[in-house]
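Both complexes shown next keep chain A, but they swap its partner, so chain B is in the first and chain C is in the second.
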Partner chain A sequence: MRKSLFFIPFVLFIALAAFLFSGLFSDPRQHGSALVSKPLPAFLLPDLMAPQRMLSADDLKGKVYLLNVWGLWCPTCNAELGFLTELRQQGIEIVGLYYVQPQDSAFGETFDLAALQKDVAKKLAEQGNPYQLNILDEKRSLIFDLGVTGAPETFLIDAQGQIRAHHVGDINPQNWPALAAQYQAVLQEAQAAAALTQQSIGATNAP
Partner chain B sequence: MRPKMQLFSRAFARLLLALCLCPAFATTAAEELLPFKDAQQQALYRELTAELRCPKCQNQNIADSNAVVAVDMREKTYQLVQQGQNKEQVIDYMKQRYGDFVHYQPPVQWSTIWLWLAPLLLLAGLFWVMLQKQQKVQQLQQTDAVDPELEQKLQAMIEQAMAEKSSKEPD
Partner chain C sequence: MIPEIGQLSLIFAFALSCLLALVPMYGSYSGSVRALLLAKPLAIGLFLFSGTAMACLMYAFYHSDFTVINVASNSSSMLPWYFQLTASFGSHEGSMLLWVTILALWTALVALFSNSLPLLMQGRILGVMGFICVGFIAFSLFMSNPFERSLPFFPVEGRDLNPLLQDFGMIVHPPLLYVGYVGFAVSFAFAIAALIGGKFDSTWARWARPWTLAAWLFLTLGIMLGSWWAYNELGWGGWWFWDPVENASFMPWLVGTALLHSLAVTEKRGTFKSWTVLLAIAAFSLSLMGAFLVRSGVLVSVHSFASDPSRGLYLLAFLLLVVGGSLFLYALRMNAVRSQARYQLFSREVLLWGNNVFLLTATLVVFLGTLYPLFHKELGLGSISIGEPFFNQLFYYLVIPFSLLLGLGPWVRWKQQQLPPLLKPLTLVALLALTLAIGYLAATQSLAANLALLGCLLGAWVGMSAIGEVYQRAQQLGGFSLGFTRLQASHWGMTLAHIGFAVLVVGVAMTKTLSVEKDVRMKIGDTVELNGYHFTLTDVYALNGPNYGGQAAELEVFSNGEKVTHLHAEKRFYPLQKTVMTEAAVHARLSRDLYVALGEELSGPSWAMRVYVKPFVRWIWLGGVLMALGALLALLDKRYRRAPAHVDVKVRETTAAFNGAEHA
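Take a look at the complex of A and B:
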């Protein structure tokens, strides 16, 4: 009894040391996402390259894709473009969500869509274009509703329009395999669901 | 020469005073950009921006930070406060988007319960150790029952030693 009591402070110390040691390897920028397993928030935003076309969450439903938050002002996003383009060539669907930084009117900065379109087109021609389309979020409303803290950030959206993963930071060959596994799982799920509905349609159509 | 000096020093003092007042004017100017309906809403806005945490920064509240996300959160907080939402509603709104991380007061959950339990457990443990010690002392006192004969003998020995010591000491 006495001897076991003697070990209590020692065990407490080891536990505390282990807890603090594990903290050395944790990323303070990773603090979970409140959005995972929730539907993509409702929005009505223009297509960056064809602003007369308004896009909504329903327009994107029905396919599995990555929603990539990016901007020309963000160097990490630009570095990521090459790898994302490779992924697109492998058949991964990627939708861009263009992050417009606030303009400081005191310095005479205004939002110039034509100039932005030109710069984006030039950049994507140089680095490769991973995007099926780009959503323009000038006021950062969808970006705010998605809990985005900066760029780049990437969301995995399933065929029902549910957010399945939220990745903060760039996608690169090192961290892609983990996200790829999730993407494939969600894709298979969607294919299985599609096959099932087709089967049931076939069954009802059969005499 | 003298009056000239005086004039100069007076002008300098005025300049100094003006400079000192400058930051005060600056802050009032910044606050005027956010007109509030009443002092209550203004106080709520101040409270919220102090309590909400910037999700991009390492430990800054949104009042302190000029990260884009903090600026957007301040603006949203202002809008929601103006719409007449209460503190709880604004915090919930932010939590739905940025998670529990965004508020400095953590919610009571299974994963966070230790924040409250650990100090209590530690206190209870300390109390238990103190109680144990107290009991031990009492036990010792009880077992060390005083023997009157031994006490007398000891007293005699002490007195003898004292007497010897005083007789030996030179005057």
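Take a look at the complex of A and C:
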């Protein structure tokens, strides 16, 4: 009994080493989102470029797209624009979620939509525009509901409006293949579902 | 050419370390005195060659030799010369070489100052040190070579040193910290040598004590300096962040502190043997694990070097070999050891046991807090993060009983202590502590039932008790003035270190509770009031540093209409690294710091400013310095300076020991 007690430190250490070993092969910055396989939270927010038009989660249903959280104030987001634009040219749908940083009225900061629209248009003209449309989240409500910790972050949304993947950090040629595989899988799923619906419609239409 | 000389020196050092790991160990098994005697010159040679390698790297940095990849990515020609030198250990590769050099330095020091040790013991200790050197030099040489060249296409300008590291604190912090970290390798080597030899008498503890003290001294200074540096450089007035890498240095410190106390019991009373050996192994294992955590990228931290799984894999394999191997050896050897000393429940042994229990619980808290996110994730439970509240709260609970015990400890005798003789002095100390703590807080009108009161009470209790105990001891040793001179240096050391802890506790509690801060927008000429201090912004102008630009702000501080000081805060922009750095303006006094950080320029023109008044924050570092001074005093104690035995005598002893073993 006493003899085996002295092996406790050794056994504990081996267990620790096993954890450290598996830890070596996973990225500590990558984290599973609690929202994955949950529907996109409900929202009603204006379109950045056409603020009179209000967008909701239902408006975006029916297609597979990437929801990209970004802002002009974020250098990594700006660096990412070029690659995202390439992706759009490959036919991938990308919806922007514009992250407005908190304004501190004590420091005389106010939100100026017209100036923002101008700056965004200028930036997208320079760097390329990957976005089908941009959602303006001035109060960061949807951003809060999505559990966004910073920008850029990207969510993969399927045709039913469910979140399928959550990517933190920029998308670049190195990390895109992994996300692309998920995107393709979700897309095929959607096409299969659409084909099935077609079939069943065809079936009911048949005499 | 110089980098090639460095590379060659490192290869020589590697060869010597291999010999050091093998030859004396062979000697210790075969009884070959010649093999054992070879340990010392091998250790010294090892240090000379690794020192040369480090010097060559520094030379390459000093001369901005951008053909060396390491120099090109971590230095620039615009960097001031002293930062060019320190940039040599600003990167993963360079810091690894520094680690190797310091490890070799400790090895050489052990070789030079262990003449009083039996030859057999010396050979084993140096053999273990040699083995550790092999692992780290191989890592430096094959996995992260600091001398790698980018010829024939090399950049004409370097990418500059990370601005965070361009600070005086950075010149001293890493070397001190490494000296501390690596110093525990010596205690470890002593423990392993004892395990191999199977002898755990109190002489073992007496030999290991000064080395442990020295390592602990440097680790304390290193950690304190890091904290002070973060306070000045990160611009938000914090001094400890519970960052995984800070924790990685704090864990060996906690275990090292436990080891120091446990070694005292083993030396004086011949008990706690298996415990002490385990602590010696644990302290160095945690140092190694720290190196692994910083360099493998398994945890997210501001300190991490760029991560690379193959490096992590190497370090993990080495960790398994060293730590796993030593713990296995421990399990095999230790179950035969019995302690024979007897002691009563109320005795110094039991109180020191309590000290160890609390220090190790604290280590466990830090350990779990640091690694729990990793466990959680690897078990497939998703990602979580553990922040300050967890550590703070648990440390509050731990510090209370720990401090109460600490105030009691030095009064209590070995073996057995009767309570009645202690009642009177301890009541007096307690009353004095109460008066002092409550009196001070009442006088400054900050008396409230809060953490500050608790901290002051505990601090005063520990401090008063330490002073009272020295006073009483001096009285016993022949009156006040005579007694003070008769007290041993190590006793003074212990007292000073305990007072240092008291000062630290007061500093932490007061700063945590009574700090005030304000975020303001200021134009030139504006005044902001905080805790009776009026900060007036007098000027803001553009900065022109050697490798940075930015803005500087000048402030005048008044209190009750009288000028207190002039403050100069900077916000620097380093164009090569595209990084903004805050250089906070700090006016330090023993009772409070005034701290101003310059923020962004806003329209107006006006500036965002962050202003703090932090009471007693200096006490945190003062406490650390006192602890380190205590360790220094204890190191200077006479009993660690024994006359070395002559080599011939030792040779005869060793031969006799082996012949005896053969005859038996």
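By our rule, the second predicted complex is superposed on the first by the 182 of 207 C-alpha atoms of A that agree within 3 Å, B and C clash if a C-alpha of one lies under 4 Å from a C-alpha of the other, contacts with A are read in each partner's own complex, and residues count from 1 in each chain.
One rule holds for everything that comes next: a residue touches a chain if its C-beta (ideal position, glycine included) is under 8 Å from a C-beta of that chain, and two chains touch if they have at least 3 such contacts.
Given the structure is predicted, the values throughout are model-derived calculations rather than measurements.
Participant: What is the contact status of A:Q174 with respect to chain B (first) and chain C (second): first, second, both, or neither?
Facilitator: neither
Participant: Is it chain B or chain C that touches the larger share of residues in chain A?
Facilitator: Between chain B and chain C, C touches the greater number of residues in chain A.
Participant: When the two structures are overlaid on chain A, which partner does A:F13 contact: first (chain B), second (chain C), both, or neither?
Facilitator: Touch partner of A:F13: chain C, not chain B.
Participant: Thinking of the overlay built on chain A, is A:D145 touched by chain B (first), by chain C (second), by both, or by neither?
Facilitator: After superposition on chain A, A:D145 lies in contact with chain B alone.
Participant: For A:F25, is the partner it touches chain B (first), chain C (second), both, or none of the two (neither)?
Facilitator: A:F25 sits against chain C, while chain B stays out of touch.
Participant: Just to be sure I read the superposition right, which of the two partners does A:Q90 touch: chain B = first, chain C = second, or both, or neither?
Facilitator: After superposition on chain A, A:Q90 lies in contact with neither partner.
Participant: Classify the contacts of A:K3 with the two partner chains as first (chain B alone), second (chain C alone), both, or neither.
Facilitator: Once the two structures are laid over each other on A, A:K3 reaches chain C alone.
Participant: Return the residues of chain A at which the contacts from chain B and from chain C coincide.
Facilitator: On chain A, the overlap between the chain B and chain C contacts is residues 28, 31-32, 34.
Participant: Given the complex with chain A, which residues does chain C contribute to the contact?
Facilitator: Per the stated touch rule, the residues are 274, 278, 281-282, 285, 292, 296-300, 309, 312-313, 316, 319-320, 323-324, 327-328, 330-331, 334-335, 371, 373-375, 377-378, 382-383, 519, 521, 602-604, 606, 608.
Participant: Across the complex, what residues on chain A touch chain C?
Facilitator: 2-3, 5-7, 9-10, 13-14, 16-17, 19-26, 28-29, 31-32, 34, 106-109
Participant: In the complex formed with chain B, which residues of chain A make contact?
Facilitator: My answer: residues 28, 31-35, 101-102, 140, 144-150.
Participant: If you look only at chain B, which of its residues touch chain A in the complex?
Facilitator: Per the stated touch rule, the residues are 55-56, 58, 67-69, 71-72, 76, 95-101.
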